[in-house]
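Presented sequentially are two complexes of chain A, the first with chain B as partner and the second with chain C.
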Partner chain A sequence: MIILAIDALEYTLVEEFNCTNLKQKFYGKTNIKEFSQPRTMVLWSSFMTGKNMEKEILARGDKEMWNTRIDLKETFFNRFRDPKIIDLPGFNYEKEQHAKERVLLRNYFDAQGNDEKNKIRTEYNNIAFEHHRRVKKEFNEALDARHDFVLGYFSLADVVGHLNFGNRMMMKMIYKDLDEIAGTIKESFIVLSDHGMEKVGIFGDHSNYGFWSTDFEDIGNPRITEFGRIIK
Partner chain B sequence: MISEGRKMSKEYGEIKVPKEIIQKIKEHIKDTEFKSVDEYVIFVLEEVISDEEEPEEVFSEEDEKKVKERLKALGYLS
Partner chain C sequence: MTEEKLKFVIVGHVDHGKSTLIGRLLYDTHSLPEGKIEEIKQLCESLGKDIEFGYIMDHLEEERDQGITIDTAQTFFSTEKRDYVIIDAPGHVEFVKNMISGASQAEAAVLIVDAQEGVKEQTKRHAYILGMLGLSQVIAVINKMDLVAFGQERFETVKKDLMEFLSNINIKPSYVIPISAKNGDFIASKTGTMDWYDGPTVLEALDTFRTKENANKKPLRFVVQDVYSFDKRIIAGRVESGIIRKGDMIKVLPTGEKTRVKSVEEYLRNVTEAEAGKSIGITTEDKLFIDRGNVIVSDGDMPAVTSRIKANVFWMDRTPFKKGESLHFRCATQEVNCEIEKICRVINSSTLELITEDATEINNREVASIIIRTNKPVVVENFNKMEELGRFVLGREDTCAGGIITELE
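Here is the complex of A and B:
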């Protein structure tokens, strides 16, 4: 089984850009209404454990939340003999990379003047794209190896989306690339996002639903905690 | 001048573009996911002639303030 886990993949853009590989045969929105806010760390932690982790994650505080590392034994990944998980928040994501992104995000909002903001935005986008290429390479290598479960987490649409969601060309380019990644997968897979994204001028904010797709079953409007049961 | 050919399942034609622009495109796409100048040019032209005309978004301090508050609430700006 393969999971293409895409942060902030937005249902309406998948439709608008007609990303046929991401849509597969069946696709829809996930239900995340049980959560007070669509927080990335809370949602992916809840996905892998099969239970609502909001209270537990928030108790750690905003800074410590990003250091969450859930043990394999507490996740549905342990049902597999040789699972390969790439960069998943709450499990094994590259802390330094994502911390660097959050620092640049804060610098962007603290900066005075458009020139300074544009400079920071460019650096922010560049490190996100570089990281995306590394994850893509690792994901392709994992697909070639004989793992019985592969999950590749791609954060580009979320990271770049926060400062560029109103830039249609840039978002279309990102969705095109994600669609191509889905197109390279030769066996059955699930596409899953934690939440989507909605436009606030040039910026992007998390939307209150996620995206799913499969080529084997219409799963309706599932909660993110149900995927451990759906994935066999 | 346009000439025609076939590549995979789509039919393709050729257009002439100044080399100077081709060089600029090469520079422009070197840090992107585009694998060739052709791919980039097709992408841009499809977007330009698309029927879905959306107004270009511009920076506003009000939007920035709103998103900054939301990102704080989501834990990104602690």
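Here is the complex of A and C:
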């Protein structure tokens, strides 16, 4: 089983850009209404454990929550003999990379003047793209290595989206790239996002539903905690 | 550069490279704002790819959304010979609507076919529409030649398939050009990739086309939009063709009453004449009953005033037409109710198969030759003689078909 876990993959943009590989045969929105806010760490933690982790994660505070590392035994991944999980928040994601992104994001909003902002935005985008290329490579290698379970987490649409969601061309290029990645997967797979994204001026903020797709079953409007049961 | 600008449309299957071709045309003719192409190139590199010219269209669309580009549907570039306007046709429905409404009349078309995929249903449908709309200046381009190793054999196979279909619908493309929009082969320059081809590039081929006959040279057709009574009675409308001048003897159709133009009124300008394309007002020497939808012509000239029209229509609504249903008939500013008296033939616009003769319904994407009966006489013309009054739309609440008049009774 392959999971293409894409942060902030927005349902409406998948439709608009007609990303046929991401849509597969069946696709729809996930139901995340049980969560007070669509937070990345909360949602992925709930996904892998199969239970609502909001209270527990938020109790760690804004800063500490990013250090969450859930043990394999507590996740549904342990049902597999040789699972390969790439960069998933709450499990094994590259802490320094995401910390760097968060610092730059804060600096961007603190910065005075357009030149300074543009400089930070360029740096922010560059490190996100560079990281994306690395994850993509690792994901391709994992697909070739014949694990019985592969989960590749791609954060580019979320990271770049926060500062550039109003740049339609940039978002389209990212979505088309993600669509190409989905197109390279030769076996049955699920596409899942924690939440989507909505436009706030040129910026993007999390929307209160996620995206799913499969090639084997119409799963309706599932909760993110149900995927452990859906994935066989 | 002396000639007028030429408007053309690029049609074909959605995945056969239309956006890439437009992007490449703009890039090769240096028609893009500085810095934009670098941004696209950089983004492609960030994703580990070569530049994709199709994204230029996304950039242009974005500017339109933000209101930076004034025109909403047209893209411009120039060669040494003249200026060009590419009319956006996202789908065949929009294309037909634009062509029929006259909002963006194309004078030529580029029909694009993927060398690997060959002629598809959508290719045929678009080609059919070109034929129906009387577009005779057509270039067929066989794109993505890079994916078939620039092979002549594959080009000839796709060309043969395409020509077979086109000859059935009486379209004879002026050129069939092998191209790679992605790499820039045979768009603006002849590259060394296809030595077996000795024809022109796309730009050279476009440069050989003629612009449409200047509408000023055609007979006068002034279509009335409204009548306003201020201190004087102003008849407002649009000059679809010809020139209207102060002192001209004119005739109002459908009544046939005659009078003379007392003045030509243009907002904030002092004028004595108005040419084709202008929306203006006139006053007349005699006070005639004139209303929206009337057509003013020169005395001595007589387009048809009729309520029975033979036409070809392209049905583009999911709800089929069923005989007996009443529809709106709109031609220029004329709007009347009509019925379809007879559906002579219905054709599948993709396979060109005759579906049925003397039919009782027309379905989405079917083409039908029909006889229309309007509830009041309208002023119309044969499309081949004068497009301006030869095209019409049929509608319920929204437009559901576009058509051209083939014969008048």
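What we mean here is this: the second predicted complex is superposed on the first by the 232 of 232 C-alpha atoms of A that agree within 3 Å, B and C clash if a C-alpha of one lies under 4 Å from a C-alpha of the other, contacts with A are read in each partner's own complex, and residues count from 1 in each chain.
Here is the rule we use: a residue touches a chain if its C-beta (ideal position, glycine included) is under 8 Å from a C-beta of that chain, and two chains touch if they have at least 3 such contacts.
All values reported here derive from a predicted model rather than from experimental measurement.
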item	value
Three-chain arrangement built on chain A, chain B and chain C clash or fit	clash
First (chain B), second (chain C), both or neither touched by A:66	first
Partner chain(s) touched by A:51 [first = chain B, second = chain C, both, neither]	neither
Of chain C and chain B, partner touching more chain A residues	B
Partner chain(s) touched by A:79 [first = chain B, second = chain C, both, neither]	neither
Chain B versus chain C as contact partner of A:201, first or second or both or neither	first
Which of chain B and chain C A:229 touches, first, second, both or neither	neither
Touched partner set for A:37, first chain B, second chain C, both or neither	first
Touched partner set for A:134, first chain B, second chain C, both or neither	neither
When the two complexes are fitted on chain A, the stretch of chain C hitting chain B, from 96-104, 114-122 or 330-338	114-122
Overlapping contact positions on chain A, where the chain C interface meets the chain B interface	126, 129, 132, 167-169, 172-174, 177
Complex contacts: residues of chain B adjacent to chain A	31-34, 43-44, 47, 52, 54, 57-60, 62-64, 66-68, 70-71, 73-78
Sites on chain A touched by chain B in the complex	16, 37-41, 61-63, 65-66, 102, 105-106, 109, 114, 126, 129, 132, 162, 166-169, 172-174, 176-177, 199-206
Of chain C, residues touching chain A in the complex	40, 43-44, 46-49, 52, 55, 58-59, 61-62, 65
Chain C contact footprint on chain A (complex, rising order)	125-126, 129, 132-133, 136, 167-170, 172-174, 177
